[in-house]
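Here's the structure, in structure tokens; my notes come after.
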């Protein structure tokens, strides 16, 4: 990584210490958490495994952790890994038949879409435990004047969460980078282009796809659980269902699916859009931000399928190709 | 009837036809012969406007085809029976024939046309409810030609009707072509099987690597030494 | 024991009735996919438009119900055409994923726009149609009408596809797109007509469902996913398969809801779907595409 990036990162890490205030910290944390989730999704998306169902893994991540804590007092240190394992299990359960029998494209998208809705339905159906559509709050584990509880994995100060979110965001980027530079990346790209040919050169198509799916599911579930611990409120529509699944897809597309920082740009973009609208129009106009999201998603797919970042890269590449000095 | 003047055409950056000129008069049967990859299929596609010309002009009965969209070429009386039959496999024989009569003018005379095609090809009537994908090669060719006839065309384009068929069936197919000729149809056939096709057409053009190398009456060409040596192997 | 049987029978019959409407929805989706090779992820949201149209026409503008239905169907048919012309046509040439994403975007957009325009309240036509009593079994009239109309519509569609020139062209285009111009068929026009029919079927579904269910911005989520599952189960693009799968699914939902809570009925149906994915992943009547 170029030195300038390291310096920028270090500067960024100082942000909470500069007393920017809770509101801005909250924005930054939210962006980083979602950037982490979006990056996790893009591990599948960039290789043609477009899932419309990652809301399912978010939901499992958030709800399993919270339910174990609320009903059984199980610390999220254990709850989160359990949630992740369950998500991975579900990913395998759905992924295996899909990949084994070469279900791709439309079929696969529909199956994932149905998956996320069913998870949401189950969450709502178990309303006695999960609070149904109204959502649920993890029991506050902060006793007395405590500002944090390691057992409950809850922190009242945003500064701490900033570093947690930062850590995971960087983790997500790191994993993306490792995949990008691994042999698996070439295997996945080959599979994405021409499955039969890939199989004939010895790539175990099913296993490769399954592995990336498991990883993606795990990261997403982790993100969901973290989000739950941060927001301290989850409901089946924000942590599950088609809505959030589509939101993930939209953000990654808008930011750029094939670039490491693309999902992060997408998170920044969607958050700024939502906040901007909220500030400009106020909370009363229900659904305006989503309406604009939807419209933008459609417009993006039609005009900018490689996202904002992708477009910028494309434009710069064209400039350097048509004469002028080569850029770094 | 059909006139190609200095036509050039291709696919993207690949040019398949160079400055091709030919004509087909009413009532004639004309063949375009040549080896694989000569551009024969491209030629027919230019006529039916599946591809656009990059140079030159095509006209039918004086009407230039340049402004005519592909799906309206059939209204000018040109019916193209594509290479490899290209029947709709999950439609029945009768449904395939039916869709050949899709244009409004043909629809009005559908029953009459159907009866005519069945009289030409009785085997098709026998198999009318059979799925086209389950027909034998020769039957498929019959059905494909029948489908082309359903629109009551003035000019029938046949793209390699003998392709992929057993020699015995090929005989039958060319007998069919004879039959159609006797009904008075004008035919432009594109073929690799030079010997057989020259027996059923009046004139032929030799197309090699996208250019017309020779043309003449079929008897002449059959008799010519270099054609016989290069293509008929005698 | 007898009472138990009767209620079960009632459940099965209700399931059949529900299956009828589900089959209609699946038909529309399968038709569009079979012809244009695009899945309208926002299909149920198109239906939602129809439901809102009928609702407002009938309750606010006091338009007679049947006329409201006709206008509703026409509205959604138009929406289908607009969807194809403005949203799908630009991406027809790019990867299938983009087509899915773009209709996903429309889903998002329509749901949010509905929230914006109409609010989140549940709205009901307020028609209290009585139930028909057969012995000890009670079947809601609305359900019977819905199923009956759906069956008639499906029959009508079958006749159209089988017997008319346009219908045959629609069936042909999915088998060999490239040579359609040779037949004198303009593929673009066929796509628009198919989109209109697909929209119209969704519109009809809307009319039938608005009799029984409340309309609200998320109503698409109640029917969309199961419609997709039904289509995939029956073999995506296969209309007969979807038809059969619809009834199977409806029964599972109905019976599941009878023995447990209604949501569990859906869960059961989905579990069945997963099992089928292992047993016959291309769907009941699906072949290799």
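Worth pointing out:
So that you can tell them apart, the chains are marked A, B and C in the order they are listed, and the count of residues begins at 1 in each.
Going forward, a contact is a pair of C-beta atoms (placed from the backbone, for glycine too) under 8 Å apart; a residue touches a chain by one contact, two chains touch by 3 or more.
What you see is a predicted model, and the numbers here were worked out from it, not measured in a lab.
Of all chains, the one whose Cα centroid sits at the greatest distance from that of subunit A is B. No other pair of chains shares as many C-beta contacts as A-C.
Per-chain Cα centroids separate subunit B from subunit C by 44 Å. Here the spacing of subunit A and subunit B, counted between their Cα centres, is 57 Å. The distance from the centre of subunit A to the centre of subunit C, with each centre set as the mean of the Cα atoms, comes to 31 Å. On subunit C, the positions that touch subunit B within their shared complex are 165, 168-169, 171-172, 175-176, 178-187. Listing the residues of subunit C that touch subunit A in their complex gives 33, 39, 41, 87, 90-91, 94, 96-98, 100-102, 104-116, 119-120, 217, 221, 224-226, 228-229, 231-232, 236, 261, 263-264, 266-267, 270, 273-274, 277-278, 281-282. Listing the residues of subunit B that touch subunit C in their complex gives 48-50, 69-75, 79-80, 82, 86, 88-91, 95, 98-103, 106-107, 147, 151. Interface residues of subunit A facing subunit C in the complex, by the touch rule stated above, are 48, 50, 52, 93-94, 97-98, 100-101, 103, 105-107, 109-111, 113-114, 117-118, 121-122, 124-125, 241-243, 246-247, 249-250, 253, 285-298, 300-302, 305.
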